[in-house]
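After this come two complexes, each holding chain A, first together with chain B and then together with chain C.
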Partner chain A sequence: MAARSSILAKTVSTPVILIGILLIVALVALLVKSGPFNQTVIDIFIRVVLVVGLYVFIGNSGVISFGHIGFTCLGAYATAWLTIPPPMKKMALPGLPDIILNAKLPFAPAIVLAAIFAGVCALVFGKILMRLSGIAASIATFAMLALINQVYSNWERVTGATSSVVGIPINRSIWPYAICAFVVVIIAYLYAISRSGLALRSARDEATAAAASGIDIPRERLIAFTLSGVIMGLGGALYAHSVGVVTPDTFYLGLTFISLSMLVVGGMNSLSGAVLGVVILSTIIQILRWFEKGVPIGGTTLTIPNGLQEIAIGIVMIVILMYRPSGLTKNRELVWRGWPFRGLFGGA
Partner chain B sequence: MSPTLTADSVSVSFEGLRALSKVNLDVPRSRITGLIGPNGAGKTTLVNVLTGFQVPSEGHVILDGERLGCLPPHKIRRRGVARTFQSGRLFSDLSVLDNLEVTGIGLGLQRKEAASRAAEMLEWVGIAHLAERTAGGLPYTDERRVAIGRALMMEPHYLLLDEPAAGMSAEEAAQLASLIKRIIAEKKCGVLLIEHNIGLVLNICDDIHVLDSGEIIDCGSPAAIKASEKVRHAYMGTQADAVGEIL
Partner chain C sequence: MTAVLQILFDALSLGSLYALGALGIALIFGVMRLVNFAHGDYIAFCVFALLWPSIDAAAIVFIGKLPSLILIPLVIAIGAGLSVLSEIVVFRRFRNANPATMMIASFALGFVIRYFLLMLYSSRPKSIDLWSNLSLPIEIFGARIPLLQVITICTTIVVLLALTAFLKRTRFGLEMRAAAENFTMARMLGVRANNVIMLAFALSGALAAAIGLILVTQTGTVDIQMGVSVMLVAFIATVIGGLGSLTGAVIAGFLIGGATVLMQVILPVDARPFRDAFVYAAVIVTLIWRPNGLFAPKSAKQRV
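Coming up: the complex of A and B.
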């Protein structure tokens, strides 16, 4: 009856629609042809990677993590180690092992290795953390974030401590970022419909009954934690190549707040929520940025104070939590039910 | 010796409160064993011990002749001991089909195979029409049947039912009784039935154990339990009326 092929057939419209939305965003960037706007769109794709990475763990397990941006930090520095020209590296980061000091990898293998490195670290942390559950697990992930940040802020000879690590080759084309966002959406979708994804969602609903159904909850959580660690690491590597500079504090509380907000606003338990949360909040952020610079209206220029971005996002998040606690998507997925958009939001 | 699921002199204490003391109980295959007793007697605690949710402070669980030690619940389920919960505990965000499929996955199947087994089981229990419904919104009796179907996935050797008839009408309880009899006849597993509906227990059980304040105070055939003075005694108050009507 309901074979896997039919699970695919029933749900495959979700990643197709999401990738379609992201393609539209990319095409807008190509049409506008402005440097700053190009950078804005690259930021959107990087955030899609990060927020979908959060979704893979948080959405499926129901355990809130405040620590995932730590893996983003690991990925960003890892690609810096692999791609900065060796002479610069020997000056700035002399503590690195020789094999890395002499390495000069191209973009693609570097970001893949960086993502794998973050994933291995997530596996190690997860082995310990996944035994905890509920609020204890959440707080432990926060401790992990602080720990990673402290190590990277102080290990002078390997990370440059708090000073900026520069010289990371910058990639200004939107396509590498877009393709990574597409791939991450597909990976998250495949995980959600996998055995482990279903097992983890059952444990999110009813942990006791899941254990009584033969589900090894810590093991399934660890799989999701590691996979999301890989994705967060990839997001960090992409970030590093989008601006060419990294510091430990780039990957700390601010980014944690923004990416969790995007997930919450979209709907924590759905992939569509992750993607739409990014697109919608990024649009709001972009509009606020224009206003921070000043927008001419009639005879005067309307300017809003700097820092209003974060305040506005905080307000949007509180309003959503008050009036639509399961997010804009109500934790459901976008599905295609024929033309026209009949029941665009399908079952969970 | 024929295979059984056995509590061997099991004791459990919660901060001084002795919930079970030296309880012995056999659940043989292909039979229905009843477990009755007043509220707070320790029935659920005994099921928790048998399924790994509660580590006994003394005694052991013996499965088909082998001591289980402290296996976690998911491993005990993989060894063929399944249970339902007094409070239902369905996966409320998942469809009914997925509720059953989860057990198939927990026991090692791929999704495709697990889904087709789940569909067969829904058919067997007689609730195939509910397959696509979200489990969260089901009426009470359907919820119970889904829970039994979920526990029955993958042919467990033992099935422990914690008050499956709670809140059911007489007619619904009769349907449940015939379902349990079919489970014994066709699936050949051993059933432990915990129930406050004494009529149901007397009607379908082969053996009945009576638990009171953590101790087994009597056990025997339905006829013997019916006649037991001790059981009458244990069911004082409101329960006494219920038993009195039946006895």
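Coming up: the complex of A and C.
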């Protein structure tokens, strides 16, 4: 018991700092009070949810997964099924079972159910995939992503195939997204210091020794995979409610790679890396977008040509990785040992 | 009989594309442990090199107008050059990085190439008429087979034979095989790392150019996305074949091509739209059955 409480005391400053950073982002949005900027901040919170979801599995297990955006797709469509007004649903998605067809849930229960649905699917897929490791596991998760994408792109009567599913109620307040991001950071933190999280990280760093110490690696991986599936599903549901439209191709390679890049650039083995990767890369992207629109500097307007924004972000990513191959945080967590956390270290 | 022949040729020509792609990825993986996500963008770059940069909807054919005898080597040289350039500018600095970092760096590079093309050519697909008379069918044992399929298959066979000869009969080939088997040991025995890695990148880029030429002749369009799907299947083929095994990559490429065409034929009509989903499910099953791939080299055995 003493050992457990000390790990909590030593590390609890990390989620507090991270939530503080996210709170600052939210406050900036409130101060600016501009519609487009509000949307940008909502996007940042959704990205935080997605990248932290990736971290829960990839960071703790060390297995790169290309498949998690598949759960985001499942979550987004699940919330669409639950919240689109029934008359519209009967037109667009006639293949749904009656109970879902007549359902019209409010925002909160819909996103929770969507997250649980994604989690159940993650449990089923994980049961099959988690006996693999290394690059075989990565490619198998990728095959899972492609499989989910193919099914959702072709199942005309249930997912509307490749055409967009519209009519999802849009929620423009930043607080639901911010609160979800905070909750996800806390969940990821609690998992990382839990018995399963510690066991999984020991297996990541030294698989032989961990297995010899009695750690059931596939089982611990499955727990992390399911939990991250829930978080990815939540992220998908939030995404659906932030824009009101979903298509299968939104949740495919583009989103997979941008989320993975944010995680790796931040530092894939640390929760701080996940959050900072999102905040820093999103900030750079936003600044470049402003330049694309034109920024007045000393009387002249500085404008960069369209498309240069993406090229610049690619180059920035390569340069960061060149000088910091383990990411911006070097895979360490942000910790603060001074006030008000000092009292917690009394015994240590 | 003719139907069977038709299916066989479909399977072989699709498999050829995948095999060439898988080979390009396996060559680099062998010497550098790099999963190169920019490969699909090399393919797109080579295809766009046929056109003069413009954002108009109509394509202005530039290199594409040259006679084939000059055009083909030129495009292949462009592919090889781009690939070597990316090694010198980017990947050389990642030699000691972990695979995840390298992979993301390669993805970022692909991103840069893609948006560079987008800036010069706009994102609209353009049509281009390159050797369109090759899609005319010819008759083989009563089956009508597009000439292009025959050429694709023959090209692949020639490329594979030439590459095998190169790897088995020349000094460079020997060095490459040694490097793929055990890179550290090969270096200690006097293999020059930079030469071998650059050579692997050059061959890989040349293969990307070949795929680009075949794709553009088949579809008659030029599109930023055109390399992506081939590249993804090629990755899967590389892993299914057993990472580090060039033969395995080629065979797995043909197997996936064959499986795709076969599914199209044997699945009931209702399930046909889900053909690719079945192929991916088969991939997962194969990986569960043989996690190290079908033809895993001895050196690839995982500890634990």
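Just so we're on the same page, the second predicted complex is superposed on the first by the 323 of 348 C-alpha atoms of A that agree within 3 Å, B and C clash if a C-alpha of one lies under 4 Å from a C-alpha of the other, contacts with A are read in each partner's own complex, and residues count from 1 in each chain.
Following the convention adopted for this analysis, a residue touches a chain if its C-beta (ideal position, glycine included) is under 8 Å from a C-beta of that chain, and two chains touch if they have at least 3 such contacts.
Note that this is a predicted model, so its numbers are computed, not measured.
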_Superposition-derived comparison: chain B or chain C, residues of chain A touched_ = C
*Considering only the touch criterion stated at the top, classify A:Lys330 as touching first (chain B), second (chain C), both, or neither.*
neither
*asked:* Under the stated touch criterion, which partner chain does A:Arg289 make contact with: chain B (first), chain C (second), both, or neither?
replied: neither
*Does the superposition put A:Lys10 against chain B (first), chain C (second), both, or neither?*
neither
*In the overlay, answer first, second, both or neither for which of chain B and chain C A:Met268 touches.*
second
*Considering only touches as defined above, state whether A:Ser194 meets chain B (first), chain C (second), both or neither.*
first
*Figure out whether A:Lys90 sits in contact with chain B (first) or chain C (second), or with both, or with neither.*
neither
*Where does A:Ala211 make contact in the superposed view: on chain B (first), on chain C (second), on both, or on neither?*
both
*Taking the contacts chain A makes with chain B in one complex and with chain C in the other, which residues are shared?*
208, 211
_chain A to chain C touching residues, read off their complex_ = 64, 128-129, 131-136, 139-140, 142-144, 146-147, 150-151, 154-155, 207-208, 211, 253, 257, 260-261, 264-265, 268, 305-308, 310-311, 313-315, 317-318, 321-322, 325-326
_Complex contact set, residues of chain C against chain A_ = 35, 37, 90, 93-94, 96-101, 103-105, 107-109, 111-112, 114-116, 118-119, 228, 232, 235-236, 239-240, 243, 273-274, 276-277, 280-281, 283-284, 287-288, 291-293, 302-304
*Where on chain B is chain A touching in the complex?*
51, 53, 72-74, 77-78, 82-83, 85, 89-95, 97-99, 101-103, 105-107, 110-112, 114-116, 118-119, 131, 134, 150-151, 153
*Taking the complex as given, what residues does chain A use to touch chain B?*
1-5, 7, 193-195, 198-199, 201-202, 204-206, 208-217, 269, 347-348
